[in-house]
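Both of the next two complexes hold chain A, though its partner changes from chain B to chain C.
Take a look at the complex of A and B:
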């Protein structure tokens, strides 16, 4: 009997140790037509424990060839984000979003400005002198997030536990929210289907859309 | 056959009425057709122009909308407004002054800003409350739902018709942080501007029911504009309704076209063009045409009158002339120096008159040469050879010893005396219905019952013979008074069936009788020379038999006539009817 009890104890210990091991959410994001959605952000917001503070690594939204790069950036709240100008012309980066209103008045190629983003939420970035330039900086309260690739695939690895999954995309009216529970060392596949608005980014060099609107 | 409506007593009236009637009908129908075509053309022309004017109106609205939308788009990307929005708290007072400067830049009558939900933040029009901005909110909501770059429509602001445009405020596009709204009123000034371009009377009205119909803006005086609003049809048709309406004293072609509205009291644009103005050139043409028409009628009446007179006057002349001819005056001639039918008629008439005169003269002469009865029969019937058998009483009368008598007197006196004698005898014969067949020297051959049959021909012959005897008595008394010798004659009368008719050659004919009966009459006359009979008048039994009432006559016996086997009984007839000879000269 004793040995059986010990065995049971061992099993419980083993389970507890396994629970401490990270789990993985593999997400497949598709639009209403079943096409893969790239640049969708999947973030896991822990529901049971506080999220750990952000790592030291700063985010970056660069300006190259009169475009922001990358188009979508995700950082944890409290992260410092750099806005390096790697272009041949000046830029004037601004945001009028509630999460952070700021401007980086005209700065020259080679210069690099940095800001710390404390509030969570969407920060829509624009350039005051280049109307077509747009980028999204999503500030999330968690270190566990990822962006989908061209195949609409991504994976987030986080400790086991209950999470709120938020799937966001620039062409989504509101983020898609789900609750999931990740088990230790387990890989949880999930499909997300998004209803996206049409792509309304304007084309450069006066090739703006004309007609089709009232 | 129905009686004619009018009887024309004069040819000229008839011609005038017919010519003028036909001409007037033709010209009047032409005039009316042209007038109607002009009117139809004018209406169709105005309608097509009004349809084009509506397009001009819509294009002008679209142009202004695009202008304001593009302008708003430009100013929405203005940095100053972004710097305002960069501030933690939006400064509405400063925002108000900013959009004032934008309104001035675009020359926009009304400029307003709204937040993303359509709540009005600031406006250049202080009377415009957030509640009054419903139409703007409606446009913003619709544009947001459909992700439109702009939205616009007609709508009412403070009860006045406006065109409203909303454009989003991007930071950057397509990230919307608010909205700009611009409105320009459809007011009298707008209507006047449109009239300037289209030369059309423009009225904007609202309402489909009698109570709600009102004028929104117009180029017309208020009372006329109200009339337009009231005359507007009760239902809206997408492509508008064109009609001819009276406005004041003038006729207008009116086009009612609907305006797109935000589900509010429907409005429409009414475009009007004066029909009279459009018709003015046509009216001038019609007036000229009317003038030419009347001139043509006048000219036609004059020509018709002239023609009528040209016909009726010579006809009247001919009629008068005919009366003269009928009265027996053949001396007149009509002088009409014309080559046409009337001239030919006059010439023919003159020929006819001449012909009549000739015939009359011939008849006159014929009457002298032959007896009137024969002349009449000759003139009435075709002259032809041959004759008919009929019963005729033949009277032969010959003077006694006229040869010896004529030797005692000069020839002219002989002829005068002979003519005097023959004239009286002939008159008596004709008085009794006898016909002088011919004179054979001093002898007379007369017929009774030919050429015109008479039932009492024998009686007439005998009466004539007696009268001739008395007339001779009278003549002898005159002659003795004149110292001239007395005359004596013998008369033979016979009644027989003989052949009567025209005899002679084809060119020369005589009406006469031939046959044994004629010879007998001549023989009886010859017998009167015989003193044994002692009578100047010998009648055959045939004559007495043929009479209804046989007169007293003395039988003289029978004579054998040459060529006849049978003897003929003869009788002596006294001059006064007695059987004894009454006279002794």
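Take a look at the complex of A and C:
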């Protein structure tokens, strides 16, 4: 009798959750000077239930005009990510990150390799031929994430519940973490202020004129 | 006037380029081509490389260079560069110094590891025909260099270079055989500004110049027996390069070189550079020829 009651309770809880309208976190991300921060990743990691498995849609980090596009990509763990070379030159894509070490040498225009990213964490991508090429692939344990736009704005829609909010950016020493509770059909606004490190990317600018002597 | 037989290495590397092409048919030749054009206006003090200070000549020079090249990865750590380079130099005040050089350049690069901080060893070879307005200076130039480069931070890189140059001219006066060693460093101070410097020493043949009155004294013994003996043992000829009856002569020398440049990136593809360069030449018997130059360049990569 007791077990039947517990089963019924679980079913009711599940049905209630499915029926509940999703909630939305709207995030505004700014730096220490109040300027909007673009390419910040806001992810919601559920604290009360396991996150659903990743959707079928693969991610993509392309090589175009000797740059990675996009600069920041976020995928759920277990997602397949394609690396199409849409450039006119060869590349040598690599990662030395713990979350995924790999190399795609002799990577000619038109090639498109895909890799599955199983472990969560940050994967820093580089090209071993073009040192200035860099991109970040953040692998998160949740399907509820989004990137900020040029105005530093984004929104993440997820089922009602308790979440750990993680805000990450390439120039942030460590992700900013907060706990929130989203209520059904609620839109919860949150401001995040990040203290960013200086941008230490390798400069792409063209080669200077070399000197010589005869 | 020397045999250009030392260029077999270049031929071998050219053959390597053809091989590399056949390995990667999908990389279109034109699509992979990088074209770079550079224009430089310089002011050169003692362009005549003259030892006797009152007769030294200064002049403005203008240089336009064009390079079309491509790279091909041969293996994970090996990269092949090939280009065709053309350089036009004009010296309006002394137009016998005008010249056009044209030729291929080939380089093989080995990177020791992954990432921008991995050291890179690069072997470069170049062969160029120099068509100088001065007939005696026309001829083939071969160059080979070995450079070890290392980036220490995203904004700081440095390198060590050893270079060998051989110019085989129509006249022995303009034949050159040189080798040099240098260190260089570049610091990207901001997103747009860079500072770079280099220092090195070159040893080998140098072409210097003298007005006839000075040269007459030198080879007549008027400047001492050491100069008399040495200058009479070296090739020389009247070239009128820096005035009527000016003489060009070939000496063995050591050259202390250094330069400092400030570069401003106008865009990802265009840079402007202000460079100061100094070359302090001391020939085998201690005669000095200091040369300084200021140059303003614009480099654009298409």
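We adopt the following convention: the second predicted complex is superposed on the first by the 185 of 214 C-alpha atoms of A that agree within 3 Å, B and C clash if a C-alpha of one lies under 4 Å from a C-alpha of the other, contacts with A are read in each partner's own complex, and residues count from 1 in each chain.
Heads up, the rule we're going with is that contacts are C-beta pairs under 8 Å (C-beta built on N, C-alpha and C of every residue); 3 or more make two chains touch, one makes a residue touch a chain.
None of the values given here were measured: they were computed from a predicted structure.
A.B. asks: According to the stated criteria, A:139 is in contact with first (chain B), second (chain C), both, or neither; which is it?
C.D. replies: In the superposition, A:139 contacts neither chain B nor chain C.
A.B. asks: For A:128, decide between first (touching chain B), second (touching chain C), both and neither.
C.D. replies: Touch partners of A:128: chain B and chain C.
A.B. asks: Kindly classify A:103 by the partners it touches after superposition: chain B alone (first), chain C alone (second), both, or neither?
C.D. replies: Touch partners of A:103: chain B and chain C.
A.B. asks: Looking at chain A, which partner touches more of its residues: chain C or chain B?
C.D. replies: C
A.B. asks: Touching A:88, do we find chain B (first), chain C (second), both, or neither?
C.D. replies: In the superposed model, A:88 contacts chain C only, not chain B.
A.B. asks: Taking the superposition as given, does A:197 touch the first partner, chain B, the second, chain C, both, or neither?
C.D. replies: So A:197 only meets chain B here.
A.B. asks: Touching chain B in one complex and chain C in the other: list those residues of chain A.
C.D. replies: Dual-contact residues (chain A): 94, 96, 103, 126, 128, 131, 200-202, 209, 213-214.
A.B. asks: Within their complex, state which residues of chain B touch chain A.
C.D. replies: Going by the criterion above, the answer is residues 77, 79, 82-83, 85-88, 143, 147-152, 171-175, 177.
A.B. asks: Which positions of chain A touch chain C when the two form their complex?
C.D. replies: 88-90, 92, 94, 96, 103, 105-106, 108-111, 126, 128-129, 131, 199-209, 211, 213-214
A.B. asks: Which chain C residues qualify as touching chain A in the complex?
C.D. replies: 24, 26-28, 31-32, 36, 38, 40, 70-73, 75-76, 79, 111, 114-116, 118, 151, 153-155, 165, 167, 176, 180, 186, 188, 191-192, 194, 196, 198, 202, 255, 257, 259, 261, 263, 265, 267-271, 273, 275, 277, 279, 295, 297, 299-301
A.B. asks: Within the complex, which stretch of chain A touches chain B?
C.D. replies: The touching residues are 94-97, 101-103, 124-128, 131-134, 197-198, 200-202, 209, 213-214.
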